[in-house]
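Structures given as structure tokens follow.
Each of the two complexes below includes chain A, the first together with chain B, the second together with chain C.
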Partner chain A sequence: MTAVEESASPAPALEKEIGRDRRRKEDARLITGRTRWTDNITLPGMLHLAMVRSPFAHARITGIDATAAKQATGIVDVVTAADLDESLGVCINAWPITPEQVTPGHAPIASDRAAFAGEIVAVVVARTAAEARDAAELVEVDYDELPAALDLKEAAAATAENGGALAHPDLGTNKSAYWVFDSGQAGTGGDVEQAIAAARTDGIVLEREYRQQRLIPAFMEPRSTVVDPTGEQITMWSATQIPHILRFALAATTGVPESKIRVIAPDVGGGFGGKLQQTPEEMIVFALARRLGKPVKYTETRSESLMSAHHGRDQWQKLTLAAGRDGRVTGLKVELLADLGAYVAIVGGGVPVLGAFMFNAIYKFPAYHFACQTVLTNKTWTDAYRGAGRPEATFAIERLMDELAAEVGVDPLEIRQRNWITHEEFPFTTVAGLEYDSGNYEAATARAKEMFGYDELRAEQQRRRESGDKVQLGIGVSTFTEMCGLAPSRVLGSLDYGAGGWEHASIRMLATGKVEVVTGASAHGQGHETAFSQIVADRLGVPFEDVEVLHGDTQIAHKGLDTYGSRSLVVGGEAVVRAADKVIEKARPLAAHLLEASVEDLEFKDGRFGVRGTDAGVALQDLATATFAAHNLPDGMEPSIDAEATFDPVNFNYPHGTHLCAVEVDTETGKVTMRSYVACDDIGVVINPLIVAGQVHGGLVQGIAQALFEEAVHDEGGTLVTGSFVDYLLPTAADTISFQIDHTTSPATTNSLGAKGVGEAGTIASTPAVVNAVVDALRPYGVHDVAMPCTPERVWRAIQGGGAGGETPGAAAPHFDESTGMSGTVDRTTGADQ
Partner chain B sequence: MIPAPFDYVAPTSLDEALAALREHGDEAKILAGGQSLLPVLRMRLNAPEWIIDLGRIDSLRGIREEGDAIVIGAMTPHSVVGNDPLVAQHAGLISAAVERLADVQVRHRGTFGGALAHADPAGDLGGPARALGAVFVIAGAGGMRQVDADDFFVDLFETAIGEDEILVEVRIPKHTGWGSRYEKFVRVEHQWPICAVAATVRVEGGTVTGAGVGLTNMGSTPIRARGVEEALVGQPASAESFAAAAGRAVEGTNPPTDLNGSAEYRLHLAQVLTRRALAAAAGLGEG
Partner chain C sequence: MTRINLVVDGMRVADDIEPRMLLVQYLREKLGKTGTVVGCDTSNCGACTVHLDGRSVKSCNVLAVQADGSEVTTIEGLAQNGQLHPVQEAFRECHGLQCGFCTPGMIMQSVDLLKDNPKPTEEEIRLGIEGNLCRCTGYHNIVRAVQHASGQPVAPNEVTA
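What follows is the complex of A and B.
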């Protein structure tokens, strides 16, 4: 076969893929379920697990009697912590935020004490999942309840001396780590106490306290793990975001060599950070498969997922903002309490630290002080949840800017304009020490205002206020930015994080000219396969359909740092670009050889090396075939044009946008109804607008959910009351509106695509936009805050003069509890059901 | 989510079902549409030894007109009830409530009689059934008997249906020409009502000549707001009379406090929603 075109006219150029609305190539299999989810995997001889979990938030385990369970049908064994040695491993904390951090040991199975409701105390192994579940009910565990540290503020104040409840009594404190950033000390700004003192004399000082309620990531696919110990390697399939990090963690904590472990994240149904964890369940499946020499599977129930998969948010934020009378901010002081739950999760302590860099947002603050106390409680552990620290920070500052506008008496957009970095000022080093490379807040805001009909809505709001309309209109603003593309490894090192932030890619040019792209970013719903195919199709000039993207298997993608923090495209995608460029450079001498031209005379365009000034050329895909045959290569050339690249970003990137939200508040009932929502985001160069729209829409709903619907509520004993989707209120399409979205473009300068992350933007931006709108509607009633979620009762009480609307009423009965079962006085034995 | 083990029987006639119920007694649960029972089983909040599935008894399904009543078979799915022109014409309040009942999936699987027999005070059909004065036809060893809505709902998840009895059909007295409104208050669309008001009103010559009002999730059973009805009949169909009558919506209620709202808030809501439901039922808009 000859690869060389002597005079044939080159093939017509392919349409550019970047910027094209490609439907996601992975969707057909994901939507129809004709794919491999972990729970679909069935191996010969496979055993199944059921977990026995503590019903108490804090209790000493005084005895476990598994006699009856062991005699049940199909039971292989019932295992407690005492039955397993150190090969079980421990759950690691990869980010001790200070050298002094107090970090309780976290064994996958509690031995003598359970520290949260849902903690595993025993494991049933059976031939079927049903038998395991049945026998789990027969395991009798004796508990002595201990005082539980539940309230975040009380837990922070508790000591052995004052008798407050301690999450881990042996530690003598609930305080885990205290982390501080001060612009005066860092040399990035002035002294915040001076700024506050000056503003108290001549200016404005706003002091506010905001609650970031506890949320549950609530991914669609519950977590599931299968481990096959047979063969030379131990293979784990798991519904995880982090197969590579998990493999490392398994090796580091169990003593099994990394080279003997293969971790596969097959198609994974969502994560939102919730699957960024080394879980007790994974460790237990791994240990029991090794111990029993048979494949083992565990799939959690939805109830177990809500109770034991890590939660997110859960902070108290105390904020002091100093400003001149003109509304120009002179300093911001942030004091946080962050609830870690019972253990310090893999990056749990670092979540508020990620937020530390974002409280100053898009603004030029002369002085900034951030201090965070992480606190252990007897609740489910917390860790990254979509945005991880940045939504909390963005909420606080965007709420404060609205408060400042009200105080000064100007429009909320005007107060922002007085403080924001203008587009001429980029690159801009912030008071938190980050260098923002690009952005144009003016442009995004102007476009958003236009789409929203801002002035018209303000006029309507005025009319409704004047007429005393029972339905008041509120307008909320959020001019967010965030840092994403985690992360420059050197920065992570400076923050004591236990790994780097690079990403790896390789490109394999197959004999038939097809292209395999291997990425270390492990997708769990983002659309990597489509977006990366588009990038490679453009870069190599090959058809989109000829590109296959492989990921999520440590044996196929041998290097990787996985998917979180809006990093896949901007870090992983850039690695793909660099690998593609290497392919082209490796192919160039071969093209010259075959075309009998000098390398200098070649140009690569639309997938083809051409000789300048002639029609002669050769396609890259044909060069792949030529290296397969390897019959006619330049002397000394290896028969391959495959290439790989590892990219470590030099900086984060900084998407931003202006979000405007209009809500109607029924002042008689307190019900908030979304009326319109505009998001004009600047995420740099867009690879696939359709995927971006999906990310923005989903993100908006998740952020709106924090503002209006979701909250993990525990009763006074520490049991999760919102333990099913009956009580943990996820909004559906019926509860949202049609969003209006658009983009302005300031390309990122830190990757060749010019792209910025978008996975978390909607979530980060929308929560304050909605709450600002609710508060804006209620300002005539003297309301300046409503606690999240802004439930109808809270809003109603705020209107009645009850301040922020108070706590969630009584950690009261969930809809599904014993009262809907057979027990108690309720006789349901003859009733049919709904 | 695996239920505890149970045995299962699916009779094809009412007699067989009654026989199975007599045989297994209090160890059995009746399965209608399964939209409440199956979650309870899967979460292991209940573990009956027998499930008696009524799904294969054709005679329990269907809607017919019979004299002054519309008769709805107990096993008729909500979606069929909601789309039925007879129901819409003669018992519009039922149509309005079914339209807001749970979500599309539940409306296709769940059944009219199953939901009422479940007697969840937050269920969407109890309030309308009481407002319309529904009559429940119950089969047992001694044949059929009829129970008025006022006597049907006994307590939380408890009805007048005996241990060896099965709900066969529900007779809804025709309310032809009455206006109706199901005012349901929720935080997210698919949840049980925090509070709901089912109102049906007949207006003749500008005067209210008939009113039926049922309250959902305001006590351990669905409640008929007789005080509201009494305050309204004979009054002009005006915003003022609706507002005055709505003030009596709290009578006889004992609302729960839960994650979605306190009892105090529900007492407030019931009045607002009653006023709105009455006004809308009478064609006066939102009130």
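What follows is the complex of A and C.
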């Protein structure tokens, strides 16, 4: 039966898949509408939910009258917190960043007090979604408004004694956790205070304050959850990035055994970190389906999504950089305030900690100090948004390097070169204690400059400055790196994160020779089905078309830690490689047996075991068939060559790149127009250039959006003003330009593919590149900062010297002071020189 | 309840519906045309774009009763006789989609754009699809896909980098 080739020449080798622009397997269904979004699911007897949400940022709930709602057509029930017992569970915080962290309990339904506008206070269950929404309007909730903690700095300073508004009055403080890294204490560098003192005597000290505005991930598919409790297992479909973590969290917080829960993430329409959460809505659907014994569905509206799905960023950064007169940095001190919102989300407290190791970026800083105070406010909770901590850090240091260049009077690329790690110095242990395994900043920068026409644009800029052109040209630089491929489990343990960072894969060799690859990474647009097929096709020497990649269902992929932190390829992909290698090793004795050769005489190449020095051989896919029949196996061999592997990385992964941006700024209107953008990224070995380009493009626009367009704005009562797509400005096609991208290649040494993560790179790099370009255009006007987003009004006010750089147009940015937990004060620097 | 008669993706249908029902709800909930999706509640995102008598409309912004007597084409009716529409093919070829949620609307809008303007410039493409939001692609490859579908050259290094 098995096709052992005695003398026939083997089939010609397949073209190598890694590095090919394979068109995506996923697309066939997505371009024809044969999609499986959670909201598409309809089950017999399914009931629908509508949420009654608090319109107030902070209010005591004094009464809920659902009488009229319950009498409406099609209403099954109206449920409040009082109707549900502890089986409802709680939303967990998986990353308490210090043992002393203050963590308010987070029930999915508020009982006596709502802590942000959008918090759920009651739930309507009905036959149809329309009936549920109609009845939700009839639920009468009485509120007594409470003082709301809204401003981040004021919230940090508030105490029960000073009468400041507290997000949770019973806690007596808004301060959640204070986390510090100091290179002197860690033994990774010197004392930053000494460096600053020395630079004050003879050198340069730059003090700056930057605002990371609040952003909304705004994935295109609104969140949706369906729970079917009618089987032996309770099955949840949810628009989530994290089916495995969610299953664990449901079990841990509701008492339902993990083995009785199946979570499926079907087609998921984007996440960007925004679907990395255990949400109140998921908990409520789960609880009500169990209580009612019927399938239950909830799909949010966009307005609900913008106000209740977690937000991102929202930090104040206070920075002190010390340097010699030659521009060589001698120390960096970072003090952050980070807005958690009303609750500490699943990894929300850890987001600034992910940035803590990245402020030193690609540079050799002798001394570094980082301190972060996380703060509770009466706003929507915050958590991971594309880059999670690393965009904030990269923005700060790349803005500072431009400021330093201006201070020293050299080109921004020159100041970077004076400070960066040279390619001969890898592997390099940084002042933050990370070991960068590979990189070549010189090469990426040289290529980016060439693509950009850097020298020509500088010359044009000079001409336009000299001629007093009303439209000024600005050139922005960002030489970024990041830590991704989350994450080595031991490191996560040392940071008090509640889980590991491994990933699991299994490979099933089917009877027909087809291959099923099961990954615990859970794609939501990244193209795992295509990229992982390419990896396996090469490794096993099977046709790309013969590989099927399965993911996003805890019953199919029984182990996994899902998709975030640019981890899928470098952690999940490596697990796939290791599983494939095990398949080959399991098949080897069977090949030897069938070929009547010794194992030592076999070599595996291009999908076939051959006997060295002969033409005899057998294809791996035929060995799969042979194990199915199992008629002729070596004595004692199990009839299977399936294998699985779990990979725990030993290090993070450090993509880097040089991004250059040219903008034109109309000095009469403040309007910023993107002119060109070049990204030369080093992400190691590229598996699929087409997919990588897509990740870079999309990442760039999200970062550009932070620089120019997006901001979650609350009014003074704490209501989200940007609560729909009318007001929250996602860039459109007309707001963006085409990009020029290329790569240099310094293979990662910590996975056998040599690959580095790319999912977050574009977003991390582009925000400072754009803001640096805007500021660069306006330096002749005395401007050294414009707060994000750089709207025409803010840019115009900065030009006028009126101080539009602040958080609110026309208003002075408040200072850090002792009461916020930060030391010292700084001059107001968010705006034009005064 | 109001009676409507229309043709959807070539099939004649008739239903009694609530007058307030939106066309997108009718397509999804009554006809099971779940290829068309809802991404917002303010008619900004365009994910629900379909063709109504040959013109693109945001089906969240049209009442089902307004489609009475009309012909509706959704993403599910675009391919003919098993052949993808050239715009569908171009989105795949140029990697003009990632998560795919905006894709049905983006493709339907692009088809309409090319009907009006068979050889649009990049700027015309960008303006023509600005009513459709995408969060994944940064629009770069969507623009390339529309150029490709129109038979215009697409710079190779911009697709394959």
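Keep in mind that, in the parts below, the second predicted complex is superposed on the first by the 801 of 834 C-alpha atoms of A that agree within 3 Å, B and C clash if a C-alpha of one lies under 4 Å from a C-alpha of the other, contacts with A are read in each partner's own complex, and residues count from 1 in each chain.
Assume a residue touches a chain if its C-beta (ideal position, glycine included) is under 8 Å from a C-beta of that chain, and two chains touch if they have at least 3 such contacts.
What you see is a predicted model, and the numbers here were worked out from it, not measured in a lab.
In the superposed pair of complexes, A:Gly433 makes contact with neither chain B nor chain C.
Applying the stated contact rule after C-alpha superposition, one finds that A:Ala734 touches each of chain B and chain C.
In the superposed pair of complexes, A:Val692 makes contact with chain C only, with no contact to chain B.
When the two structures are aligned on the shared chain, A:Thr301 is found in touch with chain B and with chain C.
Once the two complexes are laid over each other on the shared chain, residue contacts for A:Trp796 go to chain B alone; chain C is not touched. Contact with chain C, but none with chain B, is seen for A:Glu221 once the two complexes are overlaid on the shared chain.
Shared-chain residue A:Ile31: touches chain C; no touch with chain B.
By the touch criterion defined above, A:Gly190 lies against neither chain B nor chain C after alignment on the C-alpha atoms of chain A. In the superposition on chain A, A:Asp267 contacts chain C only, with no contact to chain B. In the superposition on chain A, the residues of chain A contacting both chain B and chain C are 130, 301-303, 724, 726, 730-732, 734-735. Interface of chain C with chain A (complex): residues 18, 28, 33-42, 44-45, 47, 74-76, 78-79, 84, 88, 91-93, 95, 97-104, 107, 122, 125-127, 129-143, 157-161.
The touching residues of chain B, when paired with chain A in their complex, are 1-2, 4-5, 21, 25-26, 28-40, 43-48, 54, 74, 103, 106, 110-111, 113-115, 117-120, 122-123, 155-159, 161-167, 185, 187-192, 194, 256-262, 265, 268-269, 272-273. Listed in rising order, the residues of chain A touching chain C in the complex are 21, 23-24, 26-35, 37, 39-40, 130, 218-222, 267-270, 272, 301-303, 524-527, 689-702, 724-726, 730-736, 738-743, 762.
Of all residues in chain A, those touching chain B in their complex are 129-130, 133-134, 137, 301-303, 668-669, 671, 708-709, 713, 721-722, 724, 726-727, 729-732, 734-735, 791-793, 796-797, 808-810, 812-822, 826-834.
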